[in-house]
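After this come two complexes, each holding chain A, first together with chain B and then together with chain C.
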Partner chain A sequence: MDSALIPRGVKRCPLWQFILFICVVGAVLLWGVYAMLLCWIKGLNQTNMNDYYGFAIWIWADLTVIAVGGGAFFSGLLRYIFGKDELKSIINYAVLIGFICYSSALLVLAYDIGQPLRGWFIFWHANVHSMLTEVAFCLSCYFGVLTIEFIPLILENRQIDRVPFFHHLSHNMHEIMGVFAATGVFLSFFHQGSLGGVAGVLFGRPFAYREGLFIWPWTFFLFTWSAAACGPCFTLLITKITEAVTRKKLVKDDAVELLAKISGWMILTYIIAKTIDTWWWLTVTAPSMGQTLMDFYSNNPLYGIWFLILEIVICGFVPAAILITKKGRKNSVALWIAVILAVVGVCINRWAMVLQVMAVPVMSFDYWAMYFPSWQEIATTILPVAYGIILVGLAHRYLPVFPDESELNPIETLPAEEEEAVEPSVDLEQELKPAEA
Partner chain B sequence: MFPFNFEWIWDMGHVVFMGGLWYALTILGIGMTYCIIKAAIDACRGNDEHHH
Partner chain C sequence: MKHKKAKKYGMVIDLDKCTGCGSCMVACMAENNVPFRKDESNKLLSITWLRVYKLTNGKPFPNTDICYLPRPCMHCEGQHEGHPPCVSVCPAVATDYNSETGIVSQVYTRCFGCRYCMASCPYKARYFNWWDPVWPDGMEKYLSPNVSPRMRGVVEKCSFCFHRYQLAKEKAFMEGRRELKEDEYQTACTQACPAGAITFGDLNNPNHAVYRMVKPDPKHHGRPTNPNAFRLLERLGTNPKVYYLSSREWVRRAGDNYLENEAKIKKTVHQG
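And then the complex of A and B:
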């Protein structure tokens, strides 16, 4: 029924199966939308936020999707600025994942600020002394960049591409994509960094506070570095999941291996820098503020020293060791483990820097403030995941997201009726032909 | 925020922050305008030589 919209030379599941899949994920999405409306209509009393947790789980979700969405800017940098042509096989998907991550981040911010209708205040009444202002500027602009990078992919849909204007527009945008990608790298560097900077400048909270370079605490650089290191791992993870779900090979091995190798070296250098930063913080910075290591990792039901070891050793050095070796990258199981650990590692890092920070007592009479989100917070945090799955499903079905898919999965000679689902009949194509053509 | 708004102050913070924002928006705006105008011209001329 929709075969005229499906890219040439690839096979997709029957339409009823696809609609069923969308309906199931759509139900989860609606649950999230209901919770979101509750938060907007009834207010932030629907959440478990309090005087200790002014941001809560949403800010973690926000920082995490931005970090894992960093795969888009880093892949764009490698592909368009450094000319790594092998990544042609995966760059579209990296852009799509980045688009989903950043649109999700903006959606989360829309309910985090409580009154989304006043969201524009940050641009018009900007507080130029706030790192969050820089984050808001760069985040919005970078979302614009990702939209611009995503548009040519939409225009390459079989039917849209038949319209000459859209065909030329897509081509022209591809031609100057390097300019957009470079702008995206500039914007990403600053907003990823400023998100880390926000934690690092909290001199009243010894768990987060770090020294730094000029106005930038070390967390500024570590956040950008970790996003560039772990973002591509998230791209690889989602690619692997998509391949498992569709039971097809979608990306060439050399693209996966190159991205995994670069990511591995980035993770290794990042985690060494993170280790040095942690060591300096625990031996110099925190003691100078009257705190010791165990003040941050004891007398509470969750945050033990295991949390630090999990982040740095298990989800830092282990994936780096796997990804920098050819043997590790070639082994499918090891590659799966490495990309999962790297993504978990960056999620834990963001959790520690925005939620553990708020839990640690800072006054002598203070206590560990533990927090568990309300169902409305959980539903609204799952909402972007459902949205992302639906968008990936639609893009995979109707857009040429994976340029090498037809080459990697040649279609065998099929019986006449099945063939129709793969290649549309002439009549159907003519039926959907644009009026001007 | 623009320099003609009452909140504007001519200091480093405003110039760097707002200048950076306008700079990025200008690049994106000019880039897209170029692509759209060129696409319209190419489409009118019936130029169809490229493949991507």
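And then the complex of A and C:
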């Protein structure tokens, strides 16, 4: 029924199956929307946050989706600035994932504030000294850039592309995409960094505080670096999941391998820098504030030293070691493990820099604060995931997200069907000539 | 006209005198229209601008000792004047450092509830309005007309009863004076303390009791020179304007974090 909208040369599941899929995910989305409305109408008392835990799962989700969405800017940098043409096979998907991640981040921010109707104050009454202000500005601008990067893909839909204006607009936007990619890299560097700065500047919180360069704490650079390193792994992970769900190969091996290789080296350099930062923090910074390693990792039911080891060794050095070797990248299972570990690693890092910061007591007579999110917080955190799945589903069905899909999955058609499947090529201008009376 | 040195209002709390009666907390709530709920059993959701902590020396009987420590907002000065942990992080300039008085204020109508200031405060002195305030029937008539009640979704904290400063200034102006006398501006908790444990005044004025009690060292951001005086988390570099007095070593030591076997406070190496 919707075959006219589906890109040429690719096969999609029957419409009923697709609608059923959208309905199931849509139900989860509606559950999230209901919880979101509760938070907006009744306030943040719907959450399990409290005065010790002012920052909680939403801020973690925010930082995490932005980190894993970093695959968009870094892939854009490699494809358009460094000219890595192999990535043509995956760049559209990287942009789509980035768009989903950043729109989700903005949505989460919208219900994370106590007075949502005053959200615009952050722009109007901006405090230029606040890392959060920089995050808000750069995040919004970069979302604009991602939208611009996403538009040509929408315009490539079979029916939209038939309109000459959209066809040429899409073509011309592709031509200048390098400019937007460069702008995206510039903006990403700052907002990814500022998100790191959000925690790093907290000089009243020894667990989060880091020295740095001029006004930027080391976490500023580490956050940008980790997003550039682990973001592409998230792109690869979602690509692999999409391939598993659709039971098709969608991206060429050379694109996956190149991205995995670059990501591997980025993770390795990042995790070395992170180790040095952690060492300095634990031997110089924290002791100067009267605290030691075990003050941060004991006397509580959750945060043991295992948490630090899991982040740095298991989810840092291990995926880096796999991805920098050709053997590791060629082995499908090893590649799966590596990208999962890298994504988990960046998630844990963001968790530590938000939730553990809140949990650790600072005053000697204070206590560890533990927190578990309410169902409303869980539902609103799952909401962007459901939204992302729906958008991926729609984009995959109706847009040429994977340019090499038809080549990788040639359709064998019967002679009778062939005539129907392959439409005769017509001159675009001629076909769209205005009707004459 | 001779330039007058700016004020630096601060508080000295004598922990040897504090009995933990909680009068200061009650006075603070009544004075500042601090909202409360029917069920206040979850203290992590209670708004207590001034909270009294109970400290123990951790020793078994008969050597057990306890101390009650009232904790208002510290009105930190920061490493450079006007740079407390909370002010620079607020994205909308909803919290401000008044360089005329040294008081850290909260602009309720500007705050949009991001709670970054709460995350930045090591003293947990900032509170979020998780609910809209609901007063028991008739109680709204007893609210202070000088302090605006706060709405749901914004952060609030101790203001050193700033409205009292404004009223005192107005009175002095009407009487043709520019300077306030020491007793003209006092916080509600100071006046309510039956043991006289809380003293309030200008830390820049050698004639004020607070100055004489702690003898702040201006070369070290007001660090007390009285050996019995200390500030909470001194080595973080927040430079609070609330000082504590105690003759007990374990109480003074509880005011900060120390490495194992560390004898005394080393010079802070904080760079912020």
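What we mean here is this: the second predicted complex is superposed on the first by the 411 of 437 C-alpha atoms of A that agree within 3 Å, B and C clash if a C-alpha of one lies under 4 Å from a C-alpha of the other, contacts with A are read in each partner's own complex, and residues count from 1 in each chain.
By definition in this document, a residue touches a chain if its C-beta (ideal position, glycine included) is under 8 Å from a C-beta of that chain, and two chains touch if they have at least 3 such contacts.
Since the structure is predicted, the reported quantities are computational estimates derived from the model, not experimental observations.
In the superposition on chain A, A:His125 makes contact with both chain B and chain C. Contacts of A:Val179 after superposition: chain B is touched, whereas chain C is not reached.
With both structures placed on the common chain, the touch criterion links A:Met358 to chain C but leaves chain B unconnected.
Of the two partners, chain B and chain C, it is C that touches more residues of chain A.
With both structures placed on the common chain, the touch criterion links A:Thr133 to chain B and to chain C.
In the superposed model, A:Leu187 lies in contact with chain B only, and not with chain C. In the superposed model, A:Phe165 makes contact with chain B only, not with chain C.
Applying the stated contact rule after C-alpha superposition, one finds that A:Gly144 touches chain B and leaves chain C untouched. After overlaying the two complexes on the shared chain, residue contacts for A:Leu44 are found with chain C alone; chain B is out of touch.
Common to the chain B and chain C interfaces on chain A are residues 124-126, 129, 133. Only residues 43-45, 49-55, 112-116, 118-119, 121-122, 124-127, 129-133, 136, 198, 201-206, 209, 211, 287-292, 295, 357-358, 362-366, 369 of chain A touch chain C when the two sit together in their complex.
For chain A in complex with chain B, the touching residues are 123-126, 128-129, 133-134, 137-138, 141, 144-145, 148, 156, 164-174, 176, 179-180, 183, 186-187, 190. Chain B meets chain A in the complex at residues 1, 5, 7, 13-14, 16-18, 20-21, 24-25, 27-28, 31-32, 34-36, 38-40, 42-43, 46-48, 50, 52. Within the complex, the chain C residues that touch chain A are 42, 44-47, 53, 55, 69, 79, 85, 88-94, 110-116, 118-124, 126-132, 151-155, 232-233, 235-238, 253-260, 262, 266, 268-272.
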